Amino acid sequence: MSSLAWLTGMHVLNIEVMLAICALVLLLADIIMPHGDKKVLGWVAAAELLLCLVATFVLDLQGSALSEAYFGDPMAVFFKRLFLVSGLVAILGSMEHIAQIAPRRQGEYYMLLLFSITGMCLLAGARNLVLLLVAFEFMSIPLYVMAAYAKTGPEFETTQHRNKPKWTEPAEGAFKLFIIAAVSAGITVYGLSLVYGATGSTDIKMIREASSSPLFSLGLVMLLVGFGFKLGAAPFHMWVPDTYQGAPTPFVSFLSAAPKAAAIAALAQILLGGALTHSSKWTPLLLVVIVGSLLLGNTLALVQSNTKRLLAFSGVAQIGFPLMALVAVTPTGVASGQTEGLAAGLFYLAAYVVANMGLFLVIEVLETAQPHRTFAQQDMNVLSTFAGLGKRAPGLAMAALLFLLSLAGIPFVVGFWAKLYVFLAVWQAGYGWLVVLGAVLSVVGLFYYLRIARAIYMDHEPERTKPLSTPTTISIAIGFCLAATVITGLYPNPLIEAARQAAQAFLLSGG
Amino acid sequence: MNHLLEIIIAAPFVAALVILALPSEQTMNMRIVALLGAGVSLVGSVVVAFQYDMGVGGVQMLNSYPIVPSLGINLTLGVDGWGVSLLLLTGLIIFTGVFASWTLTDRVKEFHVFLLVLVAGVFGVFVSLDLFIFFLFYEIAVLPMYLLIGIWGSSHKVAEAGPFRFVWRMLDIGGKEYAAMKLTLMLLVGSALIIAAMIAMYLEANLTSFDMLRLENVTFSHSLQFWAFPFLWIGFGTLGGVWPFHTWSPDGHASAPTAVSMLHAGVLMKLGAFGVIRVGMMLLPEGAQEWVWLVGGIAAINVIYGALGALWQKDLKYVVAYSSVSHMGLVMLGAATLSVAGWNGAIYQMFAHGLMTGLLFALVGIVYDRADHTRHIPDFGGFGRKMPGVAVFFTIACLSSLGMPGFAGFVAEWLVFLGAWTGQQFWWAMIGIVGAWVTAIYILRVSKNIFWGPGPSDRWKNISDARGQEWFPLWVLGGGLIVFGIWPNLILDFIDLATSTYLPSVTSLAMEVHP
Amino acid sequence: MTLAAYLIVAAAVFCCGLYGVLTRRNAIGMLIGVELMANAGNINLIAFSRFLGQVDGQVFTLFAIALTVAEVVVGLALVLLLYRSRKNIDVVQASEMKG
Amino acid sequence: MSTSLLILLTLFTPVGAALTLGLLPNFRRAGRPAEYLSVAAAFVSLIAATVLFIRQQLVSDATPLLDTHIRWLSHNGKSLVEVGATIDGISAPMLLVVALVAFCVQLYSMGYLAGESGDARGRYFTYQSLFIFAMEAMVVAPNAFQVFMGWELVGMCSYLLIGHYYQKPSAARASLKAFWVTKFADMGLLFGLLVLFTVGGSFGWDSTTVTSLGSSGATAVAALFLLAVVGKSAQFPLHIWLPDAMEGPTPVSALLHAATMVAAGVYLIVRTYPIFAAAPDVLTVMAYLGAFTAFFAACVAMVQTDIKKLLAYSTCSQLGYMVAALGTGSLMGGYFHLSTHACFKALLFLAAGSFIHAVHSNEMENMGGLWAKMKLSAILFIIGSLALAGLPGLSGFFSKEVILEELSHSGHALPFVACMLTAGMTAFYMTKACLLAIFGPPSEGARHAHESPKTMLLPMGILAALSLVAGFGGTMLAQMYGVEYAFHFGTTGIIATALGFAGIGLALFAYLPSRRANNPFGALTSVGSFIRYGAVDRTAAFAYRNGLCKIGAAIGWFDRYVVDGVMNLTGWLPLVAAQRLRRIQTGVVTDYVYGVIVGLIVLIAMGTVFK
Amino acid sequence: MMLEYVAFGIISTAIVGSAIGAVTSRNLVHSVLFLASTLLSTAVLYVHLESALIAGIQVILYTGGVITLMLFGILLTDDTHAVTRQNRSTGHLAGGIGALAMFGFIIASIHQSALPSLPQTFDINAKSIGFAFLTKHLLAFEALSLLLLAALVGAVVLARRSDP
């Protein structure tokens, strides 16, 4: 250890390092720049993310670093690209909004976003419990801040005379997120301590050899809960709708996509990378969570009148599918080379991320056109925002429709393939009933997705609306999501192959 | 390499894209583009019929493009005798359907886009030889219906009654959105069952392939066949109007605009029945044999139940919709016989009923359009004097519907009855024949109530006959009914060719009825 | 002393924290509960580290403490924000959004 | 000219005319050109049919002149159903009868419908041409399947033609009734075909098929065919549609509902006689059924006041004769009477039509005194009446004698007696009709009446001539049928003739203008109307209204509110559940923490931890 | 040995007792002080477990940082003393059941698990911790530094009164 041998392999951290530097650059730029038009920082952040995204294709990111605490494999790269893409979309979608509600705090917003993505990227490759925990928190803490990123100030005084202050949602939503997150973090740390106690190591791969004592199993359950909250899986989902409702919509598009994917990555690390040998311990529990998510998410979404809440519950239901995919990875299956489960999960996440983000950005455009936009989103994102969109903006309407169809799993958009792929893997693992349940409940899901479609095409346009204008940045973001949704829907093979390679590398070579 | 099938499927898609690109005020151009797209498909279908080598038979024009090689999903297209006839049907219906929606003025662009996407899906189903792609096209065909009905449809009142009247408080029963939603959800629950069966088959076959031609040669385990067949039957059958999962059909058809009803009853319902035969029965022959008693029994119920149900209806479209339920029962009945005659009859009934119901809905559309958007039959009367042409074509459709020789419907019904009679289930045939008689009662009564009798009263003094392009679907579909009724072998030869190759592998029950 | 004894103490602290989180109406009161829960994890880690004779547990604890602090910092900032708009930090009253 | 070409001409000139008219609406609506086309087609058809008849007649043995068919439906690469034409001793005469009567009626129609719009006339002639084709196709059918197709098509034409005055509610109703009743009966034919094909192995009536049918198979097929015959040939109890069918134009009644279409049932039996011959039980039923219908319908005819209804019941009655004759096994009796009946009944209808055309009423009371105005028509009507009444020497006499003779030998006493009585009653009501309509007191309508135009008189003349002489063609027909026939005027004939004269005398006694005041048969009217309207019709109407429609309503309701209700309920349940369930989202973060903790506890409590 | 038991008894009683105090006290300030007491007692327990370095950090970071922050928080949110300082609780029964159920499960798990006994040698000192920090956990360490920066910036962003 006298030499710098431990520094070899650090190239796998290129992306994280680049991201951290980019964030710091933003911070500096923010400090240096005068209080003027800080919108340019958004462009800078977007350019930085784009650079990182390109770097994932250019740089060599395979290998391990720091005594295998960090591992760069195709799956990590897959996730990194996913995070970077969602970050890019989120930044493009946020620029107008943030410039409007917090002109002075734009730099911090982008910096926090970049930090969060850095955390996620670390998470994707973390093979050590300590690193995993730190990365998870690194991802989470900026999110609490961003969730509360709404304007307070002048509005506060002007609305003082009202009986009930209406602009508290950001704080309230963010606070709810924070409390649940903190409790979950407590549970996670406790669970990690138990797992550490049973394995005697913080290496995830050592979990495989751990004897499965009750204390160890308890630790696993607690980890499941701790990460399950971030997934928004039932019954740890209850913060989701409130936070979505209160937070800035472009941020919600990010929150609803990337952190969920990251949490799946974390669960995959622990459950598949580590505790696969103990699958009899966690599989039944995960099944309960899956069934609960599908049932609760789909049911509760049926009666929501606020689109963001509706999509929040739909997200609760959606996350059941990648979890299913995790269940579909069985020790015997892996032993015989079956990695379709994880591949399907990865593919599903990618499909979900683009469609969900695109849809939230459409909502953002619509909110902007509301007659009385305050910055607290109260009473604005009800379904009626979509009313008559088919006539007001046919292109946007078509985009929204395709996103909805993708979420519902209808061809020829990518969601169809994703759902079918997951079902295929789940059936292969022997959970036929889960496939039937999932398929039938996605029909329930279709009910509320089609409610939005109905509002778009069948309901009449509300009277007092500002003309609809889609800022260029959001157009680019939506266009990207749409292109990804449709092109991958028409020819899914490249993405499926990428997911398969990632899954194979992760499951078959790691051991 | 022959790329006709690709062209047939792609033409509507391309037309849809072109329409998307057109500025929204160029409605006439959109119609023309839609017509061109549909026309290319129709001409393609006709050319396919001519190019299909009857001497060789089997699947022809086979092309395969890998989509997801690692999962064995390929875009495999090929056409057999059934495909030839059903392509032709689809081509005819969509081509005339575009004409039938010529007068539509609300959001022309979206209408044609959705319509064409739907049709591309239908074409795709009929020529897909890859199970996954088959299902993909199936879904593509089902979903645009929601928007087509929901946007361009019409609502009506349904009296609040029955043991479940409390649901009226929460559901807008009779509304077009309700009808569209019910249709979509019921059909997609069916899809959920199809997915399950499809995946199970794929995995058990363990070929890493969805190729139906290969899956046909797989002998699936008995337990899989036993449970998966009902899944496929109900899954596809929901679209095929299998009782008691047919209730989307009356509301859906009643709410849909003319061209959509034409397409839906004319072609889309056939997808369901086609799926049951092509996927359910041909891939799971043992399961089919285990379950045909129920399939046929339910189909017989469909026939008589649909006909009797139609007797009660006062709404013109409901009558036609129930008649579709009844006639689709005949298709399933033919399928359940597992006999050459029965299958020939089933496919021929798809073809004949497609033309017939397409014609009926086109006519109903015209009546509805002229009569101030009323479909209440008792309000009508004596229209024959003002719209003789419509009356004549309506009569043609009615006669075909009740199985009059010389019209296409007769051939199909006769073959189905013969199949049922020889299939040791003669009571199916009896119910079917009685159903045909009840059809004569309700359908001619409707015709009488609308077109015959004194009148029309002053309320309808401005009604007029079909005009301009409206004649086109009437002539084509009505003419088709007669031509294929007089000379059924034009189509039946194709169908028979496929049936006689497919059936022996499906069942040992295939009876040689000819001495 | 056996390891079990330490673990039981930690469990007791964890459950006290849990009780606090579940019953407090004051946002800072809830935070106190959360702190206790985190502390319980730390006790576990140290105890395991000691009994396994292994260093990672202590390192882990250091990280956990630091993370908790970071969380508290952000959490208190959020409580302040909540207070500013509501003029109180009663969590039962902060329920504008529901259903 | 080759036989094939001739048969093509026979069949396809009418259908060609129909097709032309159907496809060229403007040409059709012109009226007059359409008529010419249609009549010309009928004429060509008649000529060709005549040539065919003569050629067949010249064939010494019973071999068919022509037997050709082509595949119509494929089955397993082979032929399932074939269509074609068979000209033999059975079909050739019928073909001629059909073509002849059809041509006469077509010609007549030109005059009869002259007052109607071009549109209506065009439609009428289209349907008529189509009918000629359908009927002829049925007649020359090489197998039972084609018989069925023709059978159904003539039913369709009947439906369309009865509904010619579709604006009249009664006509609309009548056409539906006719179609429904006959279609009901046709189910028997369809079932019969299924049995014939599955048991017998083909749609033919050749000896192989009959052999493989066996006794029970033949009985089943024959019984099922009989059901169809009962419907189509208006036998009791399915005769109810025929009187109503008189709502159609009179030429239609003459062609379809007197001469040809209603005789299709009889022709079916004749055509498939080998099968019936193998089913003696069915034959017995036929004998009784036919005789009862003959008697019953004659009774009802006696009390009619509407001339067309009278003739309609008379048709029923005469068809009963034919069925009874066939029931005794006499092919000659049934078929010969069919041919002669076609001539004189068509004549009667056309003559009656001539009256109706003149006075615009169907009631005989409104026709009184037409003798003065339209002598020619009246004479023709009387000729027809006498032929029907069986005046010796006229055609009806010969054919009826054959039937009665056969019945007397058959051993079915009751049918024989019934038919004998019917002979007298027939003479009675026909005389009554002549007396009332022609010689009755001058009515308002008759005052403005004119003799019909030549286009109407000419066909009537042709038919009258045939009615007079057709009886002498028996030998020739018998030779063509391949049966023995020698006319001899025996006891049966004498009694029957005597009964006929008695009937005429009774009618003269009752209805001579001078005696009208005290009609001794007035009481019969009420009995007749009870029979007519009280029993069968009412039962059928009741079954329709309270049976079928009620079942339909019940099923419709059940479907809408129970089956669909369950579907709606399925949609409703999740919505209600969601409304209840959303209350758990209280908005209080503590409760959300509870969610996490309860989830944790549940997962631990599942017990995998402790295993 | 006896002494160790006594020491452990005292320490654990202090920890659990003050923890209970922290969650039941009716005064928020008292709660915070009870929390401080718990954390300090825990630090003593760490010393007892021969982890002095951690104990030190526990005192500095937790007691020095967290408690101070919380007190600041109380002060800042303290408009009307009577309301805010009141540390009300609700749902004692449900909370108690939840906490006790968790406790029961954890105890049951501890009871059923085979646990290692105290090793004879224990040579973990500040150096070995430092070494672990800078080798295996270097990445986590670096990430933590960035995380703290993010938290700091975040707190500032949130706490800044508003945008102009």
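Letters A, B, C, D and E mark the chains in the order given here, with residues in each chain numbered from 1 onward.
Simple rule for what comes next: contacts are C-beta pairs under 8 Å (C-beta built on N, C-alpha and C of every residue); 3 or more make two chains touch, one makes a residue touch a chain.
The structure presented is a predicted model; accordingly, all values stated were derived computationally and were not measured.
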What chains do subunit B and subunit D have as common neighbours?
A
Find the most central chain, measuring centrality by the gap between its CA centroid and the centroid of all protein CA atoms shown.
B
Looking across all chain pairs, point out the one with the most C-beta pairs in contact.
C-E
Quick check for the class: compute each chain's Cα centroid; which one is farthest from the centroid of subunit B?
E
Measure off the straight-line distance from the CA centroid of subunit B to the CA centroid of subunit E, and report it in whole Å.
69
Centroid distance [mean C-alpha coordinates] between subunit B and subunit A, Å:
42
Counting in whole Å, what is the centre-to-centre distance of subunit B and subunit C, each centre being its mean C-alpha position?
63
Whole-Å gap separating subunit A and subunit C, where each centre is the average of the chain's CA atoms:
25
Quick check: what residues of subunit A touch more than one other chain, meaning two or more?
130, 134, 137, 141, 144-145, 148, 152, 156, 175, 179, 183, 187, 214-215, 217-218, 241-242, 447
Within subunit C, the set of residues that touch 2 or more other chains is 7, 14, 17-18, 21-25, 30-31, 42, 47, 52, 54, 56, 59, 63, 67-68, 70-71, 74, 77-79, 81, 84, 91-92, 94-99
Would you mind listing the residues of subunit B that make contact with two or more other chains?
185
Determine which chains touch and list them pairwise.
A-B, A-C, A-D, A-E, B-D, C-D, C-E, D-E
Per the touch rule above, subunit A residues touching subunit E in the complex are 1, 6, 13, 20, 23, 27, 65-67, 69-70, 101-105, 108-109, 111-112, 115, 118-119, 122, 128, 130-131, 134-135, 137-138, 141-142, 144-145, 148-149, 151-154, 156, 198, 211, 213-218
Residue numbers on subunit C that touch subunit D, as the complex places them
18, 21-25, 30, 91-92, 94-99
Per the contact definition, I'd like the list of subunit E residues that touch subunit D in the complex.
90-91, 94, 98, 101-102, 105, 108-109, 112
Subunit B touches which residues of subunit D in the complex?
25, 71-80, 119, 148-150, 152-153, 156, 159-160, 163, 166-169, 172-173, 175-176, 179-180, 183-184, 187, 190-191, 194, 197-198, 201-202, 548-549, 551-553, 555-557, 559-569, 571-572, 575-576
Where on subunit E does subunit C make contact in their complex?
4-5, 8, 12, 15-16, 19-20, 22-23, 28, 31-32, 35, 38-39, 42, 45-46, 49-51, 53-54, 57-58, 61-62, 65-66, 69-70, 72-74, 76-77, 79, 83-84, 86-92, 94-96, 98-100, 102-103, 106-107, 110-111, 115-119, 121-122, 124, 128-129, 132-133, 136-137, 140, 144, 147-148, 151-152, 154-155, 158-159, 161
